[in-house]
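Common to both upcoming complexes is chain A, partnered first by chain B, then by chain C.
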Partner chain A sequence: MKNMHIVKGVYYDSVTLMLVARELKQIEDVREATLNIATPANIAIMRQAGFEIPEGAHSPDDLLVGLDCPAERQQELFQTARTWLASPPWKKESEKTTYQPKSLDGALSILPEANLALVSIAGRYAAAEATKALERGRNVMLYSDNVSLEDEIRLKQLAHSRGLIVMGPDCGTAVINGKGLGFSNACPTGPVGIVSASGTGLQEVMVQLARRGIGVKHGLGTGGRDVKTEVGGISFVDGLNALARDPDIQVLVAIGKPPAAEVRARILATMEQSGKAGVACFMGDRNHPDAPPVFFATQLEECAQVVSVLLEKGKQVDKATVKQARQALFGSYPVPPPHERKDGYLKGLFTGGTLCYEAQFMAQPIVGPVWSNAPLHSEQKVQGNSLSMTGHCMVDYGEDEFTQGRLHPMIDPSLRTERLLEQLKDPMVGVILFDVVLGYGSAAQPVDELVAALQQAGYREGSSFPTLVCSICGTEEDPQVLSAQRTKLKQAGVKVFESNAAAALFAALLAQSPQGKEEKNG
Partner chain B sequence: MIELSARLRSADWPEKPVRLQVRHRFSGVMNLVGPDEKRYTLLTRHIDFQPRSLLCASLPAHDATGEEQYSFPPVEVGFDPELRLPFPNPRWKGMWTEWPTLETGLSPEEVEKGVQLPESLLGRGEGFTPAGDDLLSGMLTSLLWLDPVLAERKFLRVEPMLHNTGWFSRQMLLDTMHGCTWKRGKDLCMALCDTDAARLLESVASILQWGHRSGAAWLAGLGVGLCLADAHNGG
Partner chain C sequence: MDSKHAINPLDALLQKGPVVVNMGMESFFHDLQAQEVPVVHVQWRPPLATQGLLQKLQKIGGESS
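And then the complex of A and B:
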């Protein structure tokens, strides 16, 4: 029996909610357990899972506890959930024997020399904490999302006026002096400095550089809105200037979706005046002719390829050499044999927003319009609920609509797994493309749940099921170990690539628009 | 006569044999009551030192519950419960201002009321020493340390109302009123006067290991008192 319990006016962090749900699912008789803050997106997801949620009986300050278990155990298990929320039994004894400051001032009293505060709290409180940090002379990495545009502009102006930088909001990845913050991969330190308006874009470029033996000293995130007209690229330009002053850095890299025209001009001018070679990778951007010392890339792996040439050839590099390197890369991307092509739509299910965007950019010229909740063009935005995937479609499960009161899918990919299995059963679907992002901060076992579900569903490569294509963003040194994840996926029948661009190209070439079938979700 | 295998004593433990009666017995601690109705404690871990306590190699093995004469060989003082300290290092203000919001089992409203009317916290909460009493003990410790005049004014009505809590808590609060504290608390207060961050964090962690929530409540109270004294003295 599926029953919904509403707890009014409480807040728990999403990690605790996930862990309590996971523990509840271990109990005999519990078929499903889901705990979410009552945001519209979570309500939609829970309703779709079969839980009845009355209209208007809740607000985003409430907690929804959905339990699928025998009726006579509902109250007992609900009380168990409440008890575990109040005092998680899995809390390590060591947590009791150490003390972590609970406030910014407490932390600064212990570590007064710190020059960076990482703010990761519910979005509605994050701007106030970030302001405190700036007023105390600290740079800010604002991991929290759901921070208003007005607050972002105010924070960045305050930071700029004080010679500081705000990375974020929604900055999930940064690298300072070779040390990763948030989601990051185990990559070498080296002569590259990156400013990125996209988190997984930064991860993918760092991973691709690592595969070429190249390290990154600093990778500064800015949050995706920084390059919009309203914010004006404040953090992006300040970040580039800071990297330009660093004598250890030989090549500057700028990563993001295409910026607003005036912001692009400011970024490029800053790079040109830096005295260093640079690569601007604005994914999906129109092609710009290389203008040394600044070179252009429209894909993430291409960006890494160009950086490797710049480092190898130094300031003597010419446009022809870079062009050859690009051609070599694109020529290495596998193409599926004609007999493997699938009659059906291409569906992409992503945990990394930039990887979703890049995949659309790669696929659209081949399959035609791709719908998305984070589309290349606004007219291709999925109408209404992003859970229903129309036509060729790619969904970013890390978008705000899915992460309010819920863990980011790179930490908890269970929702993406559920949706992927739905797509697997759909006869209109020919190819399913997805990403797996490894590294610090990501799920410890990112593919186990999916692999088990595929086995249970009887998935086999080459069967009537849609073909599964996946890219892994990660290194052998990551905690999840690249080769271990690759092996699991391959054994499950998934076609695995180590570049998002290559995977997306392959998936798009596999998919052919369904003929003689009607779109179920259309 | 029971001979104790003593190693060290608190400065206020009587030097001569004393008649005591067992009140509580735990795995590493025995609380006894003396002819003056005060609590006396035998303990086996140095960190658990408190007023009128004796550190022993082991606790008496018998199950005596009646009044007995306890004696011990002459031993050195291993802990002085009196708090005689300089002012705390203002560097730690950011830390102590966060302690009043620690999870103690008391509601924010109860704590807020307790700051205005300390007697309202007597005996409030669960535990061997109710959280309200632990919080009062911490609060009184810091007020007596930094602002005795404010301490006297705030706690004027507490002593006559001590019957509202249990014997053990009453003893703890009476000791605090006489300027004495437990070793974990004293270690923390000394760390607050120092500049060593690691020492302070260790001391806070040690307090938090005290009982189920006793340490957290005592720490919250200490923070309340530090903030009150700070505000009273113009920040």
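And then the complex of A and C:
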């Protein structure tokens, strides 16, 4: 029996709600358990799942607890949920008794030397708390999304006027003095300083640098909108200038999808004037020849490769040396033997937005047009479950359409896993490409659910199933341990790469357009 | 900055490293603790009254808004 319980006027963060739901599902008799704040998006999702939610009986400050279990156990299990919310069973006793302030001012009275507020509350409240932090002289990392463009501009102008920075909104990753905030990997600290409008772009470059023995001292996120005309790159340029003043930084790196033309000009001018060598990686942008001291990269591993050359050769590096290093990288990417090619479409399922973008950029010259909910070109945009379309498709499960009322897929990859398994059964699909992003903030066991499901489905490498190709963005020092995740995936029959660009290229070369198969739909 | 000795607060953050007030996802707090970053977690709750409600209350109380 599916029943809905409403708790009025409470607030819990989405990770706590996910963990309580997960614990409840372990109980015998519980077929489904879902806990959500009563936002319109969550209500729609829960109704779709078959829970009846009466109109007008709730507000966005209420909690909805949906339980699918025998009627006689509904109340008992609802009370269990409330007990666990009040006192989570996975928390240590010492954590339960530690005093936690209720406000920013309370926190600042405990830790007056605080220099950064990390804000990940619901978007509609986030700008107000960020404003308070800035007015109290603290920098802000704004993980929250759904913050208006007007608020973003106002916050960034306020920060700029006070010599502070706002990273975000929608900033998932930052590294400051080698310490990771939000989604970040355990990488060495070193002479590289990065400003990035892309969270997973920053993670991938840091990981690729770590593979080359190079560390990052600071990696400042800005959120994707910062490099649009309206915001004008306020945080991006302030961040670059701050990194330029740091004597430990030898190479400056700028990462993001291609910025607005005038913002690009500001970024490049700042880099040129910094007195340091620089690499600009505006994904897929081939329009700029190298102009020392600033060099260009079109994809994330190439960015790391160019940085490594600049550090090795120093400021006097010439364009030919950099070109040679790029060619060496591209020449090192594995190419599948012809007999492994698969008759069918390429489908990509991503948790990292920039990894999805990069994969399209790598695959499109080989397989032709790639459709996506976050496409390279607007005319290739499709909505919702675009994987069901005929053709090559790549979906970013971190886009708003999938995260309203849900955790980010890097924390909870279950929806992506579900969709991937559907693709596995589709005879029109030849190759399935996906990413796994490790590090702080990401799921503790990011591949276990998928590996178990593949075993259950009888997946074997080289069988009639589509070929599975995966990239892992992570290091051995990450909490999930790179080698442990790689082993699990390889044992499940997945072809595993440690570079998203290499995986995308390999997958594209594997996939051949279906021949002699009926088109499914348009 | 006004004084030649005053340091830009962004530069201070980069020099000293993060000392954090965390508001929202508690998992971020634990990740920072694991990296030995000084951090306080705020048991944040949404404000009790929205601005619209405050205005209504002010009207009931006879205040002009």
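Going forward, the second predicted complex is superposed on the first by the 434 of 522 C-alpha atoms of A that agree within 3 Å, B and C clash if a C-alpha of one lies under 4 Å from a C-alpha of the other, contacts with A are read in each partner's own complex, and residues count from 1 in each chain.
Criterion: contacts are C-beta pairs under 8 Å (C-beta built on N, C-alpha and C of every residue); 3 or more make two chains touch, one makes a residue touch a chain.
Values in this document were obtained by computation on a predicted structure and should not be read as measured data.
> Once the shared chain is lined up, is A:R138 touching chain B (first), chain C (second), both, or neither of them?
A:R138: touches chain C, not chain B.
> Going by the contact rule set out at the top, does A:T16 touch chain B (first), chain C (second), both, or neither?
second
> Scan A:L111 for contacts with chain B and chain C and give back first, second, both or neither.
A:L111 sits against chain B and chain C alike.
> Hey, is it chain B or chain C that touches more of chain A?
The partner that reaches more residues of chain A in the superposed model: C.
> Just chain B (first), just chain C (second), both, or neither: which does A:P101 touch?
both
> Have a look at where A:D246 lands relative to chain B and chain C in the superposition and call it first, second, both or neither.
The second partner, chain C, only.
> Touching chain B and also chain C: which chain A residues?
In the superposed arrangement, which is not itself an observed complex, chain A uses residues 101-104, 106-108, 110-111 for both chain B and chain C.
> Under the definition above, what is the set of chain A residues touching chain B in their complex?
The contact residues of chain A facing chain B are 96-99, 101-112.
> Going by the contact rule set out above, which residues of chain C touch chain A in the complex?
1, 8-28, 31-32, 34-35, 37-47
> Note which residues of chain A are touching chain C in the complex, please.
For this pair, the touching residues of chain A are 11, 13-16, 61, 100-104, 106-108, 110-111, 113-122, 125, 129, 133, 137-139, 143-144, 162-165, 176-182, 218, 238-239, 242-243, 245-246, 411, 440-441, 479.
> Quick check: in the complex, which residue numbers of chain B touch chain A?
Spelled out, the residues of chain B in touch with chain A are 91-95, 97-98, 101-102, 197, 200-201, 204-205, 208-209.
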